[in-house]
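What follows is a single structure, and I will ask about it in a moment.
Labels run A, B, C and D following the written order; every chain starts at residue 1.
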Amino acid sequence: MSEMWINMGPQHPMTHGLWNLRVRIDGEMILDVDPEMGYLHRGIEKISEDRHYNEVITLMDRTCYVAGMAWEHLYIQAAEKALGITAPERAEWIRMMSEEFQRLASHIMWYAAFVQDLGLMSPFLYGMRDRDLILDLFQAYTGGRLTYEYMRVGGVRNDLPEGFPKQAREVLDWLEPRLVEYDRLCMGSDIFRSRCDGLGVLKESDCVRLGVTGPMLRSAGSKRDIRKDRPYSRYSQVEFDVATADAGDVTGRYLVRMEEMRQSIRIIRQTLDWLDHHPGPVIADHLPRWLGAPYAPVGREGYLLKRNYPKGVGLSAIEEPHGEACAYVVNEGGEHPYRVKFRSPVFANLSACSHYLVGYRVADIPPIMGSVDVCVGEVDR
Amino acid sequence: MAADVEQKGRSKPENPFLIIGKPLATAARQFAKSLIRPSTIVYPFERLEDPKFREEVAIRSGRPIGVGQVWDNYRGVHALNVNTCISCNLCAFSCPDLCIDMVTVPGGDPKHPKKCPQIDYGKCSYCGFCSDACPEGCLSMTTRYELSTPKRAEMVYSPQKMFEIYQRKLPMNPIRLERPANEDSILLDVPLCIGCNACARDCPTECITMLDIPKVAPKPGEKPAKRIWKEPVINDSDCVRCGTCISVCPKECLFWGTHS
Amino acid sequence: MESNPEDIRAQLTAAGAVGVLAVEPFDGAAARVKFAPESAAALFQVFRDALGFTHLSTVGGIDWVTRYEVFYLLWSDATKRYVILSADLDAKTPHIETASPTWPSANWHEREAWELVGIHFDHHPDLRHLLMPDGYQFHPLQRAFKLHEPEELEVKVRHV
Amino acid sequence: MAITTLWDVAYFMATALLGLVGRIIPPLAAPLGNVDLIWGLAALVFGAILLAASMINTIMLIWFERKMLGRFMDRRGAMHVGYAGLLQNFADGLKLFRKNTFKPRDADGLGFYAGPTAYLVTSLLMFGVLPVSTGWSDGSLPLSMLLALVIFSFAPLFIFISAWSSNNKYSLIGGMRSAAQMIAYEVPILLAVVAVVVVSGSFDLNTIVNEQRNFWFWTLPLTLAMIVFVTGMLAEMERIPFDLPEAEAELVEGWNTEYGGMLFAYFMLADYVRALAGSILIVLLFLGGWTLPSYVPAALTSFPLAGIFWLMLKTYLVFGVFVWIRAALPRVRTDQLLRIGWMRLIPLSLASVVIAAAFVLVKCVPVLGCVPSMGG
């Protein structure tokens, strides 16, 4: 059979979103790939320029629809730096807990989708079942299950409700044995191992060169984790280990994510303990009205020039579930950010895809792309 | 086969036999557990927001449903208490999706018609900014989440429709935004004011009163100031900080700030 | 995480970097290095090889109406810090040398910056549209591109 | 005439029907009494009963899989149509029946429509060959097992025809995988069957089943052959560890990507018809068919339709194992699948033939004692 291009996407079970992977194959062998993005481009960076600082948060939940909290955290940090506002201590801990819960939920979601790509349907449902418990927790204190709109410039929207720590601990107790079960279904199965070992190999040097971050990078042996290397929020005050693997293949990424889930549980437990003993305000006690809450729009140039707004630039970087995410918020005075730039980890991870796909088989595309954990929302933004 | 592409992923020798006992055992264990009651909820017949059902599936060790309680704080369809609405427009201002229109409802005086929010759920993103912004607490979100309809026009909920939802006494989202303790107030840039009464006229809470101020005679050589000799005084405790006065002020003399 | 521009300045001087206009402190990064766009290619090499900033996080552009700014966010695994490179480009034909040979990861970031902000990257290996449809003529993140006026835009999509 | 077999029932019905018509219209009585005519009508009735039974069983099999898979996955499966979703598949079938069947513009019309039809028809042919109990069909075919396997191996041809003619790259890849897979697994299956033939000394399924009755099925001497056969059958049925031709993660739906509506239903139905037939074949060859071991109390086998009951029970249990495997194992890769087929199963099946021959020579099993009749 001669070579041919096939379009895997925009609607294809492998894509987990809306993108198109064009693959040149010879028989079952991949000769070349060309990802086509942009099907989900909503212009979030542009819309942000037209919104109040707090209103951008609604967009952040939709940037990556499985890791909304992480993106809220990312944006809020940058915006607070740009505006010169600091959040109270308790708010920072709640944010950190939210981000870790989000990492847990995101990784479980990844696990469910990834294993389903291999043709195994039951872990998908196990994963969704267990993720739902975390969503219940999110609903308990934010009111939303997927789009939380929880964090605010200068703190978080509200404190944790009564009884939340108890239920959170119960969920963690439920999840820990489930992670063992996940492992038994995957690592305990030789078919799974033979599907994943040695696939999509990307060495550490290549990862760094190509800008690949997150579990993909750590699976190749690097220990780069923004939470450790450049602790934001209160990550310097909790104990956790950076999960790494050596092989840099699909199995390695699986192992890294599984270990990260365990570490997340560890962090959340410490955070819950801290929160139990340190009540306090969760939002800064003085926020400029033009920022903190809605009001009648003014938007006239004269008004903006007459009033003195602080100016500044904020840069923040967090370890999002998919990797290193950065936000760059330019505040030129006024109610809206002048420019918001996001660095999406999946964007960079995906840009390297020809390096980890070429040379493998068509049947290897789902596990490899599954192990990348593509979230098209944050690639296209 | 193109020669320039290296074939990858075939280096590891495979096990002579595939060991598949562990996953089979795990699945079988789950099967045995699910025989009693699977974790799913038969949705239209069983609902988590139904207290009776919730008791039935409450804490049961080793079951995912009922790991804990379910909170009534889902951000669903809004409930609007038309009677207490003061037409401050804050919900419409706060809406990031521009899905709230203020429409006239019967009950206001003819000069200042009463306006209440009308929400287009086709656009709404359920962020809750509007209910957070509502100073009177008359717009809040309920746990109701079923609003599919065959017609797009039916997605627009009028104030009366949301008032009906309010009267149904669905569980409301108990979370209220914790507003900062000392918020900014509206300050006046005195020299700029021309006493035009626009702010007092449009203030929804009528917390602005125009007080007479002494007339200042023009300095020699200057034209007499074209203004009304009145000045707004804002009652901070009544003010809901909607900023309407700022937006209507023709001279941009009102602004946010702190008394100090 | 302290901003440490002196250290960066000293290292740059030691490496003999040319074209550095200013090294400013920056919250959250070691420094913000302003450089002249003409010396971009050489400076990228210096940052990667001499200063150890092996990882390019992102490339972004800002439209300041009178000028364009392009910024590069770099990360060093050895010293665990960020640095921001920033260059001002003229408003008429903003262009700068590509960073792709130094950091291959710049490829997609530069494609994005080109199509959204309109900064042209010279000698870029593959400067195609990434997020926008092929043949899209506008650069949405420029200030001149206003929201709420979609009907005024005529989008020409070339079908490949 | 004593009515003991299904054929008798069909013959009786045909006679009665024609007799009734002859009674109503007296001039037709004589020509309708023709023996050949009665025989032909009886054959039709026989076929209709067989078709209905197999179709209902197939649909029940789908229901069984959906419910059981649901429990494996901590959910419920079909719930609402009929009791516990029993009629859900009929509803699904009706829905598919009402759907428009359309052909891609550049697809080849003949192959596109004929492929799925032929696939379903040949799959259904299996039930004409498989004996389901002693009272099922009159007489027996001496080479019925061989015939069953031949019919079973028609499938790749039609799958490939429909894949090729639907003019889609995914279908094409899926069709090629399907052909490669089925051809690779024909060989170990046949070799495993050789082991059965060696032990039973017959190609007739009736004889094979009756032989097993004496000897606590054949699971012990033929364990290896059974493992090979079951694995091969899994591949032939394209069920989950080996469902590469329709691996949905990479090939969308494989060879039936372009099919919708009733033609898709044909594929689905034929897949499950094959699953049912394959499970029955496994039961017949290795698990004693409709018989129970000779030391089981006679009461268990003497009630009416006992043979069919036990056979179907075993069949559903075998299929339950397949569902279990589906719930727990991921899909293998094409090259791994072929390697398993050619490098593992074929040596194993050869070994099973040797083991079977050794048993026939010794005619004894250590614990269970000796069976003089073994080996025909």
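The criterion applied here is as follows: a contact is a pair of C-beta atoms (placed from the backbone, for glycine too) under 8 Å apart; a residue touches a chain by one contact, two chains touch by 3 or more.
What you are looking at is a predicted structure, and each value in this text was computed from that prediction instead of being measured.
Chain A has the C-alpha centroid lying closest to the overall centroid of all protein C-alpha atoms shown. Looking at A-B and A-C side by side, the one with more C-beta contacts is A-B.
When chain centres are set by their Cα atoms, the one at the greatest distance from chain B is D. Taking the mean of the C-alpha atoms as each chain's centre, chain A and chain C sit 24 Å apart.
Mean C-alpha positions place chain B and chain D at a centre distance of 59 Å. Separation between the centroids of chain B and chain C, computed from CA atoms only, is 38 Å.
Along chain B, residues 10, 14, 17-18, 20, 23, 26-27, 30, 39-40, 64 each make contact with two or more other chains. Touching two or more other chains at once are residues 122, 126, 129, 185, 189, 191-192, 194, 361, 364 of chain A. Contacts with at least two other chains are made by no residue of chain C. Listed by label, the pairs of touching chains are A-B, A-C, A-D, B-D. Remark: chain A residues 3, 26-27, 29-31, 51-52, 54-55, 57-58, 122, 126, 129-130, 132-133, 136, 139-141, 143-145, 147, 149, 154, 157-159, 161, 163, 166-167, 170-171, 174, 181, 184-186, 188-192, 194, 197-201, 281-290, 292-298, 300, 302-303, 306-307, 358-361, 364 touch chain B in the complex. Residue ranges on chain A touching chain C, taken from their complex, read 37-38, 41, 43, 45-47, 49-50, 81, 208-213, 222, 224, 229-231, 313-317, 324, 326, 328, 330, 338-339, 341, 343, 347-348, 350-352, 380-381. Across the interface of their complex, chain B is touched by residues 68, 70-76, 79, 324-325, 327-329, 335-336, 339-340, 344 of chain D. Residues 10, 14, 16-18, 20, 23-24, 26-28, 30-31, 33-35, 38-40, 42, 64 of chain B touch chain D in their complex.
Interface residues of chain D, counted against chain A in their complex, comprise 69, 72-75, 169-170, 173, 240-241, 243-244, 247-252, 326-336.
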